[in-house]
Each structure stands twice: as structure tokens, then as C-alpha cells.
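The following pair of complexes shares a single chain, chain A, combined with chain B in the former and chain C in the latter.
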Partner chain A sequence: MGFNITSEITEGVAKLTLAGSLDSSSASMMQAEIQKVAAQSPTALVLYVSQLEFMSSAGLRMLIFAKQKLGTTVQIYIVQPQGQIVDTLQMTGIIHSVHIVDNYPA
Partner chain B sequence: MDNAAKIFPASLDSLEPIRDYVSKRCEVLGFNKKKTYGLCLAIDEIATNIINYGYPKAGIGLGIIEVHMADDARQLTVTLIDTAVAFDPLAHLVPNQDDMNKPLEDRPIGGLGILLARQNVDEFRYERRGDQNCNVFVVNVSS
Partner chain C sequence: MAEYDLRIDYYPTHEYQDIKFRRGHVLPFGATMVPNGVNFSVYSSASTSCSLVLFERGEDEPFAEIPFPEEFRIGNVYCMIVFDLDFERLEYGYRMDGPYDPANGYRFDKTKILSDPYAKAIGGRDTWMAPPNWDDIYPFRSRLVFEDFDWEDDRPLQIPIEDLIIYEMHVRSFTMHPSSRAKYKGTFAGIREKIPYLKELGVNCVELMPIYEFDEWEHSKLHPDTGEQLVNYWGYSTLNFFSPKAGYAASGKFGMQVDELKTLIKHLHEHDIEVFLDVVFNHTAEGDHRGPTISFKGIDNKTYYMLTPEGYYFNFSGTGNTLNCNNPVVRNMVLDCLRYWAAEYHIDGFRFDLAAILGRAPDGSPLNNPPLLESLAFDPVLANCKLIAEAWDAGGLYQVGNFPAYGRWAEWNGKYRDHLRKYLKGEPGLVGDLAQAIQGSPWLYPTRGTTAGVNFITCHDGFTLYDLFAYNQKHNDANGENGNDGGNDNESWNCGCEGETDNAAVNALRQRQVKNALTLLLVSQGVPMICMGDEMGRTQQGNNNTYCHDNELNWLNWDLIEKNAGLFAYAKHMIAFRKAHPALRNRDHFTYTDPKQTGYADITFHGVKPFECDYSAGSRVFAWMLNGNYAKNGTTTDDYIYIATNMYYEGINLQLPTLPQGRSWYVSANTGIIDGNCCFATGVEPLVTNIEQFTLGPHSVIVLLGR
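Now for the complex of A and B:
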């Protein structure tokens, strides 16, 4: 399955598209993309994850890293996560710190 | 009772093959996606700890992780065996409710994996047998 990530910044919003498996072997790829977009001081971070099949705590750590790197005022939107990934966000309480949405912009 | 076992190098590149190995068994047993995912997540978290911390702390360059599976009509039991430093995941603190309510930027990073490992299977046990760590994950067939 592997892992793929692409990033772009549109009108100040950082958009990352994730697919495959985000685990400890692939989290460094996400960290690199976060660092790349952080350099442009985005106002929001949007993660398109409908094709993300698996996410371990390594992915959760990337969300924490993103918040710390981008600043506490930058909101994180997670677009169309699969059910099991929502369960993981719920179980760890991280769901309260992100916005789960069907589309971005709404 | 059906038994199977496979040995994987203790490297991060093994995480996906380990998950694939376990999920194929789950498929044979007719587990739904949620149950299969939960077991694979639990195993991934503990395997990651073994690879990232257990073997490096033991000074072992490249160790191995044995994955044993046994199932009967009631449950599937998966056991990860390694020879890294002794590490009992159940003896470690996991995030509490206060931590859960903290803003993301203030969340402690440690313990999330162990929390997920414990919460995603019906039973999780740890045993130290000689120089081996045995992490045991049990999933009920009918739950």
C-alpha cells in the first residue's frame, strides 16, 4: 500500500493530500511536508485523507507537530476521514482539537 | 486450533508486512473491517515500540520480531515475541482524561501508541519469558 503525500498552498491555506498507510515508517514524509508548508506561514492546514487507509499514533504525533509548528491559531481541517481513523482520533481525544469536515472549503 | 508463525526483521519497513500478515488471517476468519483494523493498529503500535526503542536500548542492531497466531472457534490470539530490553506496556502510563482534554499543542506525545494498543483488542497481555518479551493480543471471534 505504501504512503503518498502531496502539498500545496492556495491563498494562504496549506493543503496536504494523504493516501495509503501513515505509520512510523512513513511519518517522516508527512513531517517534511509540514515543515515545507510551515515556511510560508499558512492560516489553516487542510488534510485530504479520503484515501488514507491506515493511521497509527505516528500520524497523531504529526498532528501535534503541525499544531506546534504552525502555531496555535492555525486550525486543522481533516476532510473525509475513514471511520477507523475517526475512531482513533476519538479514542485519543484529539478529535476535539481538529475539525472533521466533508469538504473544504465547506 | 490453527497455528501459524512468521519472523520479521525488526525494522520500520516490516510494519506494513506484519499488518498484512495479520489481516490476511482476519480475512480468513471473517472479521469485519473495524475488528481487523483495531488488531492491526494495536500490533503496529507495539511493534513500533520494539523497533524504535526496545532493540536500540538493547544495543542490538537489527533484531527480529516473531509473529505467532493461533485461533479457535472463540478467539484469535496474536503474540509478538522479541528479545529486546524488557518492556511491559501495561506498566506505562497512558494519557488520562485531563491529557485528553488538553489543546493539541499541549498534549504529551508519549503513551498514545500504548493507549491505542490496549483499547483496540479485547484483551492485551504482557509476559516476560526468559530473555523474551511476549505481547499477547486477543480478539474474540464473535464480539
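Now for the complex of A and C:
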């Protein structure tokens, strides 16, 4: 299972689309994209993850990294996560640091 | 990090089978991430050589085994930085060669791959009771963890110890029962789901039974009669002191137990609940000479264990071996470990299992000035952590009252437990002991104050509070040990019928006795500890040693809240009462004087008549009054509080002390009220209209407020 990520910034909102498996081998790709969009000081980070099938602890680390890189005032939205991803976020408590939504903007 | 920022010592100098490495740093011990690599450092004094063994996660065979060059050994420490490793997928261990000479304490075995004593996570038991691969050449695999958890502004709460109400609990038992309705049953995440319950109950500290990685399959067996699987359920048998148990994490199968536990602690702190760990430094899971070689035994047996002159293992723990805690290397490991938990997990306090062992010399003799206990007491990182000793061991060293405290250590007050149990069941001649117990045991701790003692009537060892009043004898058949396990000195009383009964009078008496016990526990000076489920009448069906049961004997049945609603309401009331009244939470002992000239000393003792306490051999009545002007040793004010106990089988008439003008007695709790409420919220307490004759029922306790 591979990993693919694309990013764009629209009206100050950073939008990343993730697909495949986010693990230790692919986390560096996401880190690079976060660093890229962070340089433009976005007001929000939106992760489209409906095609993301697995997130390991390295993937979780990227959410923590994004929060720390962008600052606590920048909200992170996770759009249409699969059940297993939601479970992982819940179990580790990271779900309290992000917003799970069906659409962005809602 | 920019390339030009890399230190020169983070470039490889050696290569072995395409793996690049260089000489490492001796400290810290363990595996530490450095730029582009991992620093491995391990102590071994008597080995002749060592190899670092590297696995891809879950693979049967290692992908590399790198011998430490002789020049990478500095003193008794092997150290090496290995580059370009996948932190998340890596599992590592050590292979040590050296003499196999048990008579002289050496047990090196180069066929074994050994866990790192300083590993921060262990693989192999990622999912609770998942069948292990018994043929695994390396069953308990050291792993790396990330230290980037976002604690935000969290820090240990530093609630004064005299204000704590400790709730001892088992991670899996708390939510494993279907009635918990938790989504993540039996896990750290499950406890987080139940934080609202802990808030409703009112406790402000949870003490988690062992959460260091252990092997639930250790000594597992089938019950000889029933065929039931018996396991190492409680976990008092550590595999690794730095690693949280993966099987206690819903996310353990993803290797995220560290994040899940830290999240739990952070959320408990957000709700003003401290977290204590029950830590087991007295022995390890490697057993005696017949036990497995997992880590310490193969790395440096003679350093880590207390050995007899013949090379066998001293067994002061009752489990096969004894950690050599006052060896300087082991002492440092214990210190490093506790510092790690305090700093990286924000742990608020530690309860040390069989802590008397920590005061023994390598030859087993008790030390006058045990260096480990002294080091812990004065350690700068642990300065704000509470340290609590179980001040005895299985080798007969009993130190309740004289544990080397260094002004810091508290103790589980086993004498409080024993005296309370005897008094509650109506044994005569206990009034003097009860008077000591409710004051914070001043004879036991004359210079250490009330907070030297953690008061408890029940804990994981022994009967539950309900069973204490439902069984005269232990009923341990389910343990498969022919009744030879578990204590026989339970000081219990079945209230007239052994076990479950339809007899309404017996059941009513049991409920009353449980309330009596909770009342005395929560109005005593000292630090109260409640055992999980006692607030709702949990039963273990008379089993007083449920160490091996992963079933309803241990799992908390949440339906008991509804079944024993009156008891649960009463427990909440008494917890709230303690929190509302600082007069119950002194730090120093009473002075029996009245320097403020209020007309009453800080504490006064009574019997059926005021100021006439009956200490005679046959007495079963005892009352005391706290003067609210001396709350918190006179630093604040409170109501007057009067508590009376009657453990006769008949009711008695009490004459109450006269209060200062303008004050009256109100009933906050009366366990003798059979029908209806026996506790009353603040502001609606019934007024006592006749202080000359207050009827206190048989086996009952009252709590009155004078305001």
C-alpha cells in the first residue's frame, strides 16, 4: 500500500489530500508538505483523508508536528476519515486537538 | 536540521554488513535517538563480548547483528551509534557472551537475545492474551519511542497529600466488564472514558496497579478441575521498568501505548485527578534459577540480583528472585526509571510494592541507612512526587512505623487496616487502637505527622470491602492452589451467614458495615485509600487472592451502582464530606490543647457520656469530637465534627457534648437508619433536638456537624 499526498493553499487555508498508508516510510512526505504550507502562515489546515486507509504512530506524530509547527491558533480539520483512523485518533486522545468533519467548510 | 549543523560525531566511521555506525555515547543508557541514528548504550560488568541485534518489527530473524568493537566498550558500558534505522519499525536486543558459572553468580548465555533494561517500549505482548509465538527467538523485544507528546500546559498537580483521596484500581478490571459500556474496554483509553465517573465519586487520585510491561502468560495454567485459563493478571512481575504495558492500550497493537497512557494522564490532570503508579522494584519476571533468561539475568546476573553464597537467588519477594536494589548500578536504574516516569509521563506519585526489600543490603540484611531510599527521598526530579512504601516484604521484614522515611516517605498503614477490621467486627479491647487510628496513628508516627500513613481497610490484596462482611474464610478454590494461597488473617466477619444469602437482616447488616468502614476511613486523619469498587459493593465471591483471574472475579460490574444505589450514594456523600471539612485533613498530630481558648481542645474523646471514653477491655463504643477552630492544625476554621461508633449488637443511647453557644448538632450521616436516607447533603441535615439522649443503632456510626 503506497502513499500519496498533494497540497494547495486557497484563501489562506492549507489543504492536503492524503491517500494510502501513512506510516514511518511515508511520514517524511507529509512532514515536507506541512513545512511547505506552514511557510505561508495558513489560517487553517484541512486534511482530506477519505482515501487514507492506515495511520501508524508516525502518522500521528505528523498531526502533532502540524499542531506545533502551525501554532495552537490554527485549527486542523480532518475530512471524512475512515473508521479505523477515527479509532486511532480517539484511543490516543489526539482527536481532542483536531476537528473531525464531513465537509470543509461545514 | 541543516546538513552543516550536524555534529562531527554523528557521521559513521564504521560499517558492518552495509550497516553504518560509530562509537557511541555511554550515557544515557538505553537507546536514544540522535540525528540520523540511534545511540545504544548498555551496562555489563562481567561479559566478555556483546552484539547489538536488530530486527524489523515482527520478523522472525534479525536483519543485522553488529558486534561491539572492543574499543566501543568504555569501562563496563558498551556504546554505539547506528545510522539510518527506521525508528518506528526497529526492534533491538543484545547478545552477551561470558562465563556460565552459576555458583559464582554468572549466567551468560550467548544463545539468548536480551531485552534492554532501559528500553522504553517492549514488543511481544502487544494485544492482551493474544497467543504468543512460543518459538520466537526473542519474545520480548526492545523498541524505541518518540518523546514528542504534546502535553500543552500539563504538569503534576501537587495536591497536598493530606487532601488526597486515593482510588486503587486495576487498568483492565476497571472497564473490562460488559456493563462498563466503554468503547475501549480494559484499556487506558477505557479509563479515560470513565473520568466522569471518577469525578462523580469524588476521588482525586488514582493509583494504578502495575502498568510496567509484564507477561500475562507468565505461569499461566489451566485450573486442574475447571479447565479455566489462569494467568498473571495483576502484573506484579515486571519485564521492563521503563515500558508501559502495551496490552493495556487499545492502540497497543499499533505500538502507541505511550501516547495512549500519556493522554490518559493528561486528561486525568485536566480533571484534577492525580496519577500514582504501583511500582514493583523488588523482583523481576525472570524467576529463580529455573526461570527464563529475558534481560537482567543474561546481562549481569550478579549485579541485578541478590544471590546466596552458593549463587542461588534470595527470595524476599516470594516470587523467586530479589532485585539487588542497593547495588549502585541497580540503584541508579531505579532512580533513572522513576525520574523518567515523573518527567516524561507526569506521574504524581509512586507506591512501592514490598518496599522493605529496597532497604536490604546485597546479602539480604536490613540496612540502617539504605542508600536507595535516601536517594529517592532527596532526588531533585522526584522532589514533588509522593513516595509511598508498602513497608514489609515476604522475607519477614515488617517496617510499618519505622520505615526509613527521610522526612519524605509515607507508608501503607497496615496496622490501621488490622485495627479497623477488628473493631468493626465487634472485637473487644480495640477502643484504644481505634483512637490511635482515627488520629493518624500518632504512636506509630510520633514525629512524622498524620500524612506518614496511607489509611486503608481493603486493597487489591485480600477481601473486597463487601466480602469482608460476607465471609469468615477465604474461598480460593478458583485459583487452583488447593486453598494454599491468600492470607488467613483476614479479620473478616460474615454477619451471620457465609456468602450470599436471602436473609434480609444479614444483608442489611452487611450494607451497614460497609458504610461504617467507609465512614471511619474517610473521617480519619491521614491519607485515605479506597479499593476500586468498594463504593458499590464489589464482590470477589470470597476469594482473597484473585491474582490469576481475567474474568468477573476481578472485572468491576458497573450494574452494582444500581443494585447498591444506597451504598454508592453514601460513599459519594462521605467523600464529599471529607473534602468539605478541613478539620479531617490535618498534616500534624493533635496537641490535645486549646491555645485559642475556645473551651475545647482540638480533639476530645467520648463514650456514651461526653468526655468519658471507655477504654476497657469489653468496650465497643467510641466517639470523638473535632474542634473546627483547629482545622488544618489551626490554619483555617471549620464546623465542629462529632463521630460516634457503636459496635455492640444492640443500640445505645448517647449523651452528646454541649456545643458553644449558638451552635447545634446536625446529622450528616447515620448508618443506623435502616429505611430511607442515612446521609444528608449540606444544608438539609436534620437538627438533633435532644442531645441528652441520641439513640445510636447496633453496629452503627454517626457523623454530626456542630454549626
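Definition applied: the second predicted complex is superposed on the first by the 106 of 106 C-alpha atoms of A that agree within 3 Å, B and C clash if a C-alpha of one lies under 4 Å from a C-alpha of the other, contacts with A are read in each partner's own complex, and residues count from 1 in each chain.
Quick note on the criterion: a contact is a pair of C-beta atoms (placed from the backbone, for glycine too) under 8 Å apart; a residue touches a chain by one contact, two chains touch by 3 or more.
Remember, it's a predicted structure, so these values are computed and weren't measured experimentally.
For the composite obtained by superposing both complexes on chain A, the positions of chain B and chain C are in clash.
Of the two partner chains placed by the overlay, chain B and chain C both lie in contact with A:L60. Contacts of A:S21 after superposition on the shared chain: chain B is touched, whereas chain C is not. By the touch criterion stated above, A:G83 is placed in contact with chain B alone, chain C being left untouched.
Taking chain B and chain C in turn and counting the residues of chain A each one touches, the greater count comes from B.
Of the two partner chains, chain B is the only one touched by A:V98; chain C is not. Between chain C and chain B, the overlap after aligning on chain A sits in one stretch of 261-269, 333-341, 351-359 or 621-629, namely 261-269.
Note: residues 23-25, 56-58, 60-61, 64, 67-68, 87-88, 91-94, 97 of chain A belong to the chain B contact set and to the chain C contact set alike, using the contact criterion stated above. The residues of chain A lying in touch with chain B in their complex are 1-2, 21, 23-25, 54, 56-58, 60-61, 63-64, 67-68, 72, 76, 83-84, 87-88, 91-94, 96-98. Taken in their complex, chain C has these residues touching chain A: 86-89, 146, 148-150, 183-184, 187, 189, 192, 249-251, 254-256, 259-260, 263-264, 266-267.
Across the interface of their complex, chain A is touched by residues 12-13, 15-16, 19, 33-34, 37-38, 40-41, 44-45, 48, 51-52, 95, 99-101, 103-105, 107, 109, 112-113, 115-116, 119-120 of chain B. Those residues of chain A whose C-beta lies close enough to touch chain C in the complex are 23-25, 56-58, 60-61, 64-65, 67-68, 87-88, 90-94, 97.
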